[in-house]
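So the structure is just underneath, and the comments pick up after that.
Note that the chains take the letters A, B, C and D in the order they are written out, and that residue 1 is the start of every chain.
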């Protein structure tokens, strides 16, 4: 399937959308296609929103962000994200904030068809005072009280993988983070890949998603840049550093958006 | 470490002991060493007790069995297990019975340092009426009632793996079942291996347990026979079939025990 | 048309019950034989899930156990046992659960735990394994079991896997995601739940079998469906595929 | 003895705080630099765990991010993110949690969420990441942060990661498994919790730094421990290893 057609078919205004990727295999090309198609009112979900979420927020796609760590790794702040929260530009951004452990367990519960997850989490922190869906549950055996968080089941999860075969079986390797859980927790799942191959070769550390667990696969070579795809290309650390200057200034960002996203085809 | 020394150091009378392995990589040699050392009053835990547990029960090591499926796969009953339950020979055997899903989640909770696990399980079955530690918990978000089972934290877990390096890092591949969870849930963990190697080679589907998560490693070539070790030897299906006749008869079993276990060294 | 055994007829009928492309959670023994036969005949696209962690296994012969190496070697993906149950079975991703039984009752409840009293059993059976959650979570359940008055009882001694309880509506009350037993395939014919009462009724007979034989091999007053038909005999192709599968299995035992 | 910067002194002091063979959950930035330095100097057996899923990573250079490929390529094992937190961090398997901070208060509570009001923040920081559970579950916590009156406050604006709350006994009341902050290492010296009050007190000064300078860079009335000592200056070996590590990092950025 073509990326633009896949995004048009799977992502609707107002959807809860998760683009996952833990530094590695971030579905940047798909995120840019969502911006190009002018989606609005999205609830964006991600453990580690980085520059592609900064871009989607700056472009006005998002109504709400559900996350646990929002920054430009190794560089600093996400200035579009901060501008939205601190000054409501281009519009107000509602946030729902968790810890990584809480988010990871929310995806795992979603993938497991459970309504909630239990963890030793958030102890003594101010997060439960600001995030209403951090609650507690009591162990029916020990009486111990533990943290409970609701399952995450995005309308759409988008991930990027190294390859898929012609039947749509997906293979990724290296740091695969939370992608399997995010994909299995979603109602619809789009996977962009570096390439479509005749046959998936067994590899150390490979995670395979069978075709029947994936809604659509779209070839998007280089689709994770400036993040990296193990076996295909390295992380463009300079691009992450360069993003800081662009994102600090609304006009610079708006120009960048026109030139680098709206002005190009998928 | 030598197998006999490791078992002597780690397994005590009255311990809760899990020898795990889901058809593949069953720690049979270690089980025989436990019999040889005359351990008594053990609570044996395993999802799929098969002939090595039949042997340990027949030899009088066990006071209680915690399990979800007890049979000779593809052959039929475990006659020593049945004789203990049906006629109390060589002694009475208390049982605690779950489903695979319940047992798997009990180990996962144990490995996660949680006191219990939540699942959609046991619905409409008679198991909760006979297994007191199947309870329910209510989702604090949806109000839905789900099954709850307590964490399993064996005093000792024993598993068999293909290899370990000289630092004690363990590598297994193929069907690795519940072994990682069983190992991480235990207070002490013994891993028997086919061989000690200079370096663990990355392999498709390999699971690695770092040395600091394992108490002891003992070389036991062929230690999973008559089950199999992917890459080393195949399953001896004939031996599973032959076991049926031995296990049906107390005298035949007693003779077998003397010849095949008590009469040999680790 | 060559001769065939009633077991072969049962296995062929069970294989036919699988439509191509379905994802099937397969128990060892008769269910595994039938699912593998389906893949070799009319339904090459059947995806077989084994509880040992093999997703999409394509064994070249019949595995003797749920965890034979050939399952991992031929699988699309091998996962841990907790993952099979939590990420794959529990959310309702599996279309068909394929189960055997020691006892089954008029409402499709299955017993694989004990014959007689739990505390003082006449016969101690292996127990639940993955069946309780397979029966609850799969889109539908197909049961394959030899028919006899001892196995087909009014009420099972122990409910290991829930069918329809004591009648319609009970699954919904438990909030079960799966639809429950759709077909019970035996060496005599096929039983299906009555849409109104959820009671298992005779809907098909294998060639040469009479309704009386089926009723005699059933521990309750077995009703025959008005639309009672005859299951076609195994085709040459089906028999050949089944026998090749078994020979390959034996060769590898 | 060659010149060195206060940041270099801070990193060296932090590296020295790691004893050989400990298992360390490493945050990116200063903690990662210090842990990698320790592995290259006195503690080659330090096991580094990164929240991206790399267990026992041995990077040849400083990763810019928590998920750089070099972490997976050199790890003993790569696991999923839920597994890192559930199977490895939560049960208390990790000896040391190594954290940074934007704000830290007199009881070692850490803020990486907001400066000012949560609903209307002066500065919006990245947030919690893995820190709340690292702070709760690791055997002990080491914090590395540059000292200033803005960062070292009487009370943090937001408790992202719990230290000692408002004093002794609070961790126990929460049933936390970990012991909490054992050392706060800055560019001026080292602070440690007073055994009686759990308040951070000055226990070491870096060479050439006075207690007055440290007090001036602290937003509460910083007490100096009676046993106040001076941290030895970086050795040639430590400085060389640190600078090589950074050059290798830059070369790979």
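Going forward, a contact is a pair of C-beta atoms (placed from the backbone, for glycine too) under 8 Å apart; a residue touches a chain by one contact, two chains touch by 3 or more.
The structure displayed is predicted, hence computed values, not measured ones.
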Furthest chain, CA centroid comparison against chain D: C
Mean-CA-position distance for chain D and chain A (Å): 28
Cα-centroid distance, chain B relative to chain D, in whole angstrom: 41
Multi-partner residues of chain B (at least 2 other chains): 113-114, 119-120, 144, 180-181, 205
Chain C, residues touching no fewer than two other chains: 86, 90, 137, 177
Chain contact topology (line, ring, star, complete or other): other
Pairwise chain contacts, counting only pairs that touch as defined: A-B, A-C, A-D, B-C, B-D
In the complex, chain D residues that touch chain A: 28-29, 51-54, 64-69, 71-72, 78, 80-82, 85-86, 89-90, 109, 113, 118, 121, 123-133, 136-137, 158-162, 165, 170-171, 174-177, 253
For the chain A and chain D complex, residues of the former touching the latter: 22-24, 47-48, 67-71, 73-74, 77-78, 81-82, 85-86, 97-101, 104-105, 107-108, 119-127, 130, 144, 174-178, 180-181, 205, 228, 230, 234-235, 237-238, 240
Residues on chain A engaged by chain B in the complex (per definition of touch): 113-120, 133, 135-137, 139-142, 144, 146, 148, 150, 202-206
Contact set on chain B toward chain D in their complex: 111-114, 169, 180-181, 184, 207-210, 212-213
Complex interface listing, chain C residues touching chain A: 23, 47, 55-56, 76-77, 86-87, 90-93, 137, 177
